[in-house]
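What follows is a set of structures for review.
Next come two complexes built around chain A: one with chain B, the other with chain C.
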Partner chain A sequence: MAPKNKKGQADAADESTSAPTLRVILPGDQLPPHEANLPTGQDEDAVSMMIDQRAPPTIKLGPGLTPMDDDTIISVKAGVLNHTDIGNRWWVESNQRRYVAAPGESVIGIVTGKTGEHYKMDIGTAQPALLPVLAFENATKKNRPNFNIGDLLYCRVAMANKDMEAELDCVNPTTGKSDGFGELKGGFAFKVSLGLARRLLDPRQAVVLRELGKHFPFETAVGMNGKVWINSASTAHTILIANAIKNSEFLSTAQCQSMVKKMVERI
Partner chain B sequence: MKETEPSNNEREFLLQALKDGHRIDGRKFYDFRTLRLSFGSEFGAVEVQLGNTRVLAKVSCEVVRPYTDKPTEGFVHFNTEMSPMASSTFEIGKQTNEEILVSRLIEKALRRSRAIDTEGLCIVAGEKVWSVRVDIHFLDHDGNLVDAACIAAITALMHFRRPEIVVDNGEVTLLSIEEANPVPLSIYHIPICVSFAFFNKGQHVIVDPTYLEEQVKEGDMTMTLNIHKEVCALSKAGGISLEMDQILQCTRIAVVKVTELTEQIQAALDADAKKRNISRRK
Partner chain C sequence: MARLDKSRTSSHQLRPFFTSQNLLNRADGSAQFDFGGTSVLCSVVGPAEVKIRDEKLDKATLEVLARPLVGVPGVKDKTIEQNIRETLEPLVLSGLHPRTLLQIVVQTMQDDGCVQSTAFNATMLALIDAGVPLNSILGSVTCMIDRKTNQVLLDPTREELAQAKSTHVFVFDNKAPPAQSKGDEDDVVMEDGDRVEGHVLFCESTGVFTEAEYFECYQVCYKGVQTVHGFLRTAVQKKFEKEHQQLQD
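Take a look at the complex of A and B:
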């Protein structure tokens, strides 16, 4: 099917339903111009992002959307289209298992090697990431933390360029504080899908964490790379929490609550 | 791509949990994961799901000339295919040690235990025999590929039916499904593999290890038994040494598991036969 036909269909569907609804889009789908606050002229192909007077002149594209040469916007991922008026941002919420590093995201990595200046980290990307040995709070050439191969570290992606190894840090470069990043001691870590990890980080959507918190105290760190670390008072609780989180992926709020309740009763 | 080792935290937690009497997925030490069998539309296509491990087996057959020294014996071949679909550690065209071990074990368990009647595959002695080929594809790797592959292979062989043949003066005619009911293979017994993993110097024994458990284990052992309590094969490639009574203990566990699994396979085959409206020879 030609992209132009698809755009026409999407336009028609949107006119019938004016309320904001869940919009599923597929790779190659065009973002209809009026949705992205662009003028909808007679000739849709002549639409430009820059010449609109009524709406904010610029839009910000997040993950999953890419501008084309002719100023149309197409999706490169399958998922749910999202929009926020603050800054007129558009992005596609999708799910995948392979992590692609993006700057500013917090991730959990495993130390897989050490050179003079860097730790080599496995954060689930296609290539290993680099963590400079001095990227820690109060680290100097003489006094710096020492990690072994296999240790778990909670860090932030400092730089992620295409075709290059990502660079991580465990310190806020402006304040010099650790901001909670650093080694994760004890506990247990496991992989979940990237979509679930993102939901666990959103306080409104992380029903499972809230429900589990009602029953027993635990610590958790969620990496955007789909790695989740948890620690609690006993191994039985940690196992329960890990399995509850894994089970919660496709459950509604009510189902999630009853699942947690059932699992806690069984213990 | 090189396999990534689990973190020290995962490793230590797993061992501590075993000491406390728990497994990471909440199973008991001697529990198998949930086994699901689904059959394809054709005879001899089976997909086995053991927890998150998924294996597909497909049986096909053709008429070939037998070896001159064994003129009445047909052939059974097993072909394992580990693609990067199962795990990013597998590469196309490059056999891993694990793949070699799995395919050798399947050969040992099913062919060398004489589970399939190869003499029954003879059509005309010295002239024409059936060659049965079992393709085993690994779709998703979450540990214990051997057990899943063995269940898939034997279930596919039991599910398979070859075309009926008519021999008239040395002339062999294959009859299509419309002309005559296809014939099931004659299978003497159902060998089932049960894999064990050992931790903490052999103190802790678990059945059906997951991928993480396989990475952390100190040793492993795979036993192949049938429902008549006959040990068909025993494989222990490396790892820690075991005491005699540990092996006997494993045999006792395996007998129980094999009985359960055989019943489940038979029930699944019966249900499928009922759906297809055909009778099944037991």
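Take a look at the complex of A and C:
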């Protein structure tokens, strides 16, 4: 990583007081300049480095980090500081319950309204999102999909802007294929925290899904907006899976395994 | 010095803290903060849909509701509401969520003095829990000056507050004081050279006091707030460690 602090920053106050493995930072904490290759100039979210040609030229800031007017980088969210050397990216992994739409994310939405050109979708954001009726595979002006209020759809955020309603689609715009997006028929949907949803989507971390899969088959769709949909052969299994997922948030791997085992034995 | 509060030995000692986060099921963020026998529960909902009447085009609307221990909210609660809202407005990066509502509800659970400071700290933890973008975090403590002994007592109980000549509520943020700027005295300079400074976000003093007494209170509270900040950090860190333990093993 960052070899040396070439600029000799005076304010190299290291804010990281956390354990070596987990670096928890709070709002207002500075990104330690000697580690981040503290930059000199900046634009929107990529800050250019003009100190050393050998050093990575840019630093990319992800969610939770903001450059300030005085060239320091501060965190605006509490969470775990993450970094990859590829592209010198820094971001804060935080957990919350309220979803804020970001482009490219897969979400589960509920149809709450219908106009001529759009479906109004509840994806958990402050304002309802819009889903154009033509944003489906094989949809034309003559052949449009028909959904009712209350239907569940798995879709992707096509456009997200803080000043406007988010726009969704259920189709890959380049290929015209559905890519697995579309209506979720049957099953059961419930809400979890955004952090848990993110972990369920990461195959390395989804311990609970792996454990449940050993006992019975089920379908699942996880939205980045914290909505989880499951479908299994029987209602009893569906309830068990939903409870197991909700329980797993603050458990370690071993605790998770024994929790699933106990629940399956009781059924 | 002996205090009326028998559990403490020093006049600059704080009561034991307690916090609990994420305890309300339906709010986006919630936290309880205790200073000894004083306890405040705070919930945060947002960014949520806002009534057209309250909508601001370029930033989020901040709404604070304070609920008293018993009865309906009165003038005192409205003051706390206003104080919290005006202190938080520069702290919350409300420009990131325009045309939304951020509703904060502060409920007093137990009152043994310093409710306002406890409410500030509970609100901060609830905002962190809700993941609201902030540019720094705040910490608050209250101190008072005893009528008879003229002594500054940190974090007084209700019993002690009855003997107060004046009370002072201070809120500081967690930005490091400009330590490098030794020499250039453009900020508050203590007469004895013992310079302690932080960014005061809010201060409310009631009663009769001299300038020297005020600055003494300021110093005592600033030192007390450092403990609060440390505690808030530990509380948040513990929560994330619990969340990430699956990744660890």
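Following the convention adopted for this analysis, the second predicted complex is superposed on the first by the 233 of 267 C-alpha atoms of A that agree within 3 Å, B and C clash if a C-alpha of one lies under 4 Å from a C-alpha of the other, contacts with A are read in each partner's own complex, and residues count from 1 in each chain.
Simple rule for what comes next: a contact is a pair of C-beta atoms (placed from the backbone, for glycine too) under 8 Å apart; a residue touches a chain by one contact, two chains touch by 3 or more.
Just so it is clear, the model here is predicted, and its values are computed rather than measured.
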{"item": "Contact breadth on chain A, by residue count: chain C or chain B", "value": "C"}
{"item": "Contacts of A:Ile110 with chain B and chain C, given as first, second, both or neither", "value": "first"}
{"item": "Chain B versus chain C as contact partner of A:Phe216, first or second or both or neither", "value": "neither"}
{"item": "Touched partner set for A:Asn243, first chain B, second chain C, both or neither", "value": "first"}
{"item": "Touching partner for A:Gly28 - first (chain B), second (chain C), both, neither", "value": "second"}
{"item": "Chain B/chain C common contact set on chain A", "value": "none"}
{"item": "Touch list for chain A against partner chain B, complex", "value": "110, 112, 122, 148, 150-152, 184-190, 229, 234-236, 238-240, 242-243"}
{"item": "Chain C contact footprint on chain A (complex, rising order)", "value": "10-11, 13, 17-19, 21-22, 24, 26-29, 66, 74, 76-80, 94-98, 100, 125-127, 162-163, 194-195, 199, 204-205, 207, 249-254, 256"}
{"item": "Parts of chain B lying in touch with chain A, wherever the complex brings them together", "value": "4-14, 16-17, 20, 22-26"}
{"item": "Footprint of chain A on chain C - complex, ascending", "value": "27-29, 46-50, 93, 96-101, 128-131, 133-137, 173-176, 180, 232-233, 236-237, 240-249"}
